[in-house]
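Common to both upcoming complexes is chain A, partnered first by chain B, then by chain C.
The block that comes next holds the complex of A and B.
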């Protein structure tokens, strides 16, 4: 999948660059570019997986972002101007996010782009925003490569090296796992990355990886891989995947009599996980994520109450990060005192504010360093176990 | 050894489902000489039919499960007949390519209407049969796997009886052998073709329910991959040959399972399709197929 992309991208970057040169010939306060104009609404583009296999992520994240925009509007907008959010659905499909980002840049003239949860899809849009010089904030893509694309790409969540390390620590210290098996998704940048970042610290601590097998997104049958894993007799199973497949994996693992603890990262977080696997099979499973509505913190409580009154449901980590990504952007626009993409980018690079997922301070690599939480499943619901400080 | 037996069991239950779908491809090819690409979406509709009647028929008991399975098969059979009437019958006598492209169109139509009607999100499929786990030594046998294998064997036996020991079965074979000659001896070809679609689609519907039972997350695009694998199975066994389709399904299921259980798990599909190419190189008509002289 990777080899043809650069050629396409190069063409596209050339096109966008040409477009920018042309646009640059015009006066900067062009009425045809509402986003960059100093009057009229401030337009922000959001791309999300509102349908398809990771729909729960997109829906949650989008609700958080919507709530943030409500708050911004009720405070009188930004810079005395109205704010407008354009949301586009990529249906969890590869290739759609790039098309959406191109539309945001060339047709909607957005000030900034918000998205996405899945790292693979953020990686599609990031080069386009980077080439166009439009800041992009990913709410919850944890793969390090996302912000490595360039200085216009930011994230408000922690990264997988941190998440992998904390999973390894948790498995080693709390679960007392010594012989681990890894089952990762070859078709997902997130899954492959997190598996690597888990393996290194786990092996460094003295653990053994007894077997490592792969699956591909949209697979339904994992019995073959799980039988091989069972034969290797691990005392823990690491599944750094997304909830649709993880649900089936946990269910089939238990059916095969694999009773060891199963754990993974923030890709697990969705109510569908419990629907698919059933709460019985999910006993003795754990995952790390960014936020828990059960955290004892006034900012979290206020956010949960506001979210409940608007959507009549309890927010999860994706919703909280969707909220924080929009708030980070609002802060930056206020600080920049302008919607000029270069100024907003500069202000974003200096982001340091307290959101609902904790203090968000971006480092030189445009990543946030934040605490994580560990969640388990109990009595058919998610249960907050502990907070892990970075 | 126990790992081998476990994988064998996993592979057979996977292969059983492929076999059920493959039969539909091969039967339609037998009478009409084209690949019904919409077949994989009839499979999807079968599982959604079961999903929607399950709350009404009471899932979790054997009788309820059987009833749900029958409803899903009936719904799929009706859909298969409707597709044939509306999309393929008007094209009878046209070139195979026209019908083939229509089949792809019907497939896309079903997938997209499915996303509109059923919703695009994966849904959790209920456990419609009581589920239990047995331990035979170190091999773990799940009742779902047993239900899958038993249902498949039962349906294969029923199909054998229909095709070889009933008048309509004889008529089906006659149409498949020579459609013109069959109509000369008084067989109503249209009715037989319609019946063939109903039979094949009912099997696909059963396959859909069994698939969803084993892998309880269903969505409107779920048919594509198993459909493709089943198509490969049908070609592998010798397209147009019923026993060949069942054998092909089993082979593909076993190969996939054994490859997935090794470090080569990433290459699972590549190896399955590689075997297809290898077999077709040495036996172009498939494992059980017979070379036929193409009539011009």
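The block that comes next holds the complex of A and C.
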């Protein structure tokens, strides 16, 4: 057994530990000012997965929100007051978002909460915001359950039932798919949900689901599932998953000689998709999403230019939705003429504005009804194909 | 009648938890959430310490037992609440401890199921079996629709308060302390020190290991129940391998087979992430640095000034 540490070192460690604990207890200078007060800065809280498994989505969305706040500031703030964005990272971990939401509500006294991409983590923070009566806007959680939490929870993106329906329409009408195979991720609420919302309208239109097989996130080999799919001889394959697995699935499907069109939802949206699958394999693949930087629209062009000059990269759908979530909030605060949470909530419920992801109008269930875009891969890059109006 | 000192401490802790709980409405919600999170980590770390520290086994499946407890108790207070509430006279405050207990018991059953066949394995092999168990639990939960599958279970009532969390933390510390300091409990230490020698002395080492496993998983199940009723939402991914590692880190940092050190490490590591928030992107680096510095300067555990297990 090692001899105990000398006394002075012992005290040093104890002091450091005590210091860290005290640092956490010391109230910061700017805390304690209620955001609902009529003077001082307007504080908005944003929680995002800046690290961990969904960091690519979280970072994108956060950059969009940051850019929106720059624009709001350069326009002189809101209601003649300064605006301040507090961003907290939940590391893509369960449990963190609830703590962050409590911090926003009871310590930072925010006017509203923005977040997040993953439906699971939005569901964690939503009941806390709902109970506190603080409006929360999710930029891109598409699961229908999120806004069902209560009348203070909103979203600026379309929902999975809408996306599933439009995928079914697209497969039926544009791709002329009649016999479809579905390959969904059992470990993801998003994937299972989207598969259900695709199947119903597709079958209702007269299509047949020839086989439905599953995989789990972080799987690397899909040859078994793909061989089974090939044996069922579909004329289209629906993969409602995230880009990491989708890339591998597309690649392995092509290796097995499965040349039918492959399509999915907004989880495909990431530059990594092309890196993983290679552009050759991605020929004849399609996905639906919220936004394309190639859209011919002055608002989109201005947003893409501003985003490029600030971050030196092309914005994706998550960035555009992060931007629109902040802009929807700014509109609501302006319309309410106050930062009183009840008034802001009422104004948000009546949201109808044109953002970079198109006209965003909230319905009675606080979900956005808005256009989607279909994207395909061509010559090693994403190509905007068409806009689908709701 | 004269009570042993340790039971007085337990009674005192329960009274303090009850009194603080009565005034918890005045505590900032955020601080309360962090404090309760730390309390739950105490239960998890102390119970894992019985398995990994005192008995010298290496379990990597603690989050799995936690998940069993969390889902069992959360189901009882949400989906099945309408059927169960009449049995306790419609009182939610009676249903909650029953749900916690059921969660703990089911986790203990899972502990027997995993422990009995696998505890004949040693070291790395046992670690792999428990790791596998944790993953199986996660995957099973992801595929059962009644518990929300990958979507998670939401709308769990926020019953976890200062009394329940810190009261149960005190009970956990007391039970583990009393167990390893009893005549029977010396067997745990013997198994950890030298299994062959312990066996030669006539100790049923497998039974000791299973006992440690069952008691440990029971408390992990309780902690899971508290967690579900604190956060209000649970998701299978929250009980993955990383969560198990988090608890193992607390135990190793606090000192394997130490009482005070493990409790201190549980509090330190749960609380320290919060003040680090102001450092933004550097937060994770600072956290890792803190772990490295602590491990280099205090390899024997926090608050260990003397050598010898079962003292500090």
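Simple rule for what comes next: the second predicted complex is superposed on the first by the 356 of 390 C-alpha atoms of A that agree within 3 Å, B and C clash if a C-alpha of one lies under 4 Å from a C-alpha of the other, contacts with A are read in each partner's own complex, and residues count from 1 in each chain.
As a working rule, a contact is a pair of C-beta atoms (placed from the backbone, for glycine too) under 8 Å apart; a residue touches a chain by one contact, two chains touch by 3 or more.
Computed from a predicted structure; not experimentally measured.
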{"item": "Comparison of chain B and chain C by chain A residues contacted", "value": "C"}
{"item": "Chain B versus chain C as contact partner of A:107, first or second or both or neither", "value": "second"}
{"item": "First (chain B), second (chain C), both or neither touched by A:247", "value": "first"}
{"item": "First (chain B), second (chain C), both or neither touched by A:225", "value": "first"}
{"item": "Which of chain B and chain C A:98 touches, first, second, both or neither", "value": "second"}
{"item": "Contacts of A:186 with chain B and chain C, given as first, second, both or neither", "value": "both"}
{"item": "A:88 touches, of chain B and chain C: first, second, both or neither?", "value": "second"}
{"item": "Common ground on chain A, meaning residues reached by chain C in one complex and by chain B in the other", "value": "51, 91, 186, 216"}
{"item": "Touching residues on chain A, where the partner in the complex is chain B", "value": "51-53, 55-56, 91, 186, 212-216, 218, 220-221, 223-225, 227-228, 230-231, 244, 247-248, 251-252, 255-257, 272, 275-276"}
{"item": "Residues of chain C defined as touching chain A within the complex", "value": "28-30, 32-34, 37, 139, 142-143, 149-152, 154-155, 227, 230-238, 242, 268, 271-272, 274-275, 277-278, 280-281, 283-284, 290, 294, 297-300, 302, 304-308"}
{"item": "Residues of chain A that touch chain C when the two form their complex", "value": "1-2, 4-5, 9-10, 13, 17, 20-21, 23-24, 28, 50-51, 87-89, 91, 93-95, 98-99, 102-103, 105-107, 119-120, 123-124, 127-128, 143, 145, 149, 186-189, 191-193, 216"}
{"item": "Residues of chain B defined as touching chain A within the complex", "value": "2-3, 6-7, 10-11, 14, 115, 120-122, 124, 133, 135, 140, 142, 144, 211, 214-217, 219, 222, 225, 256-263, 265-266"}
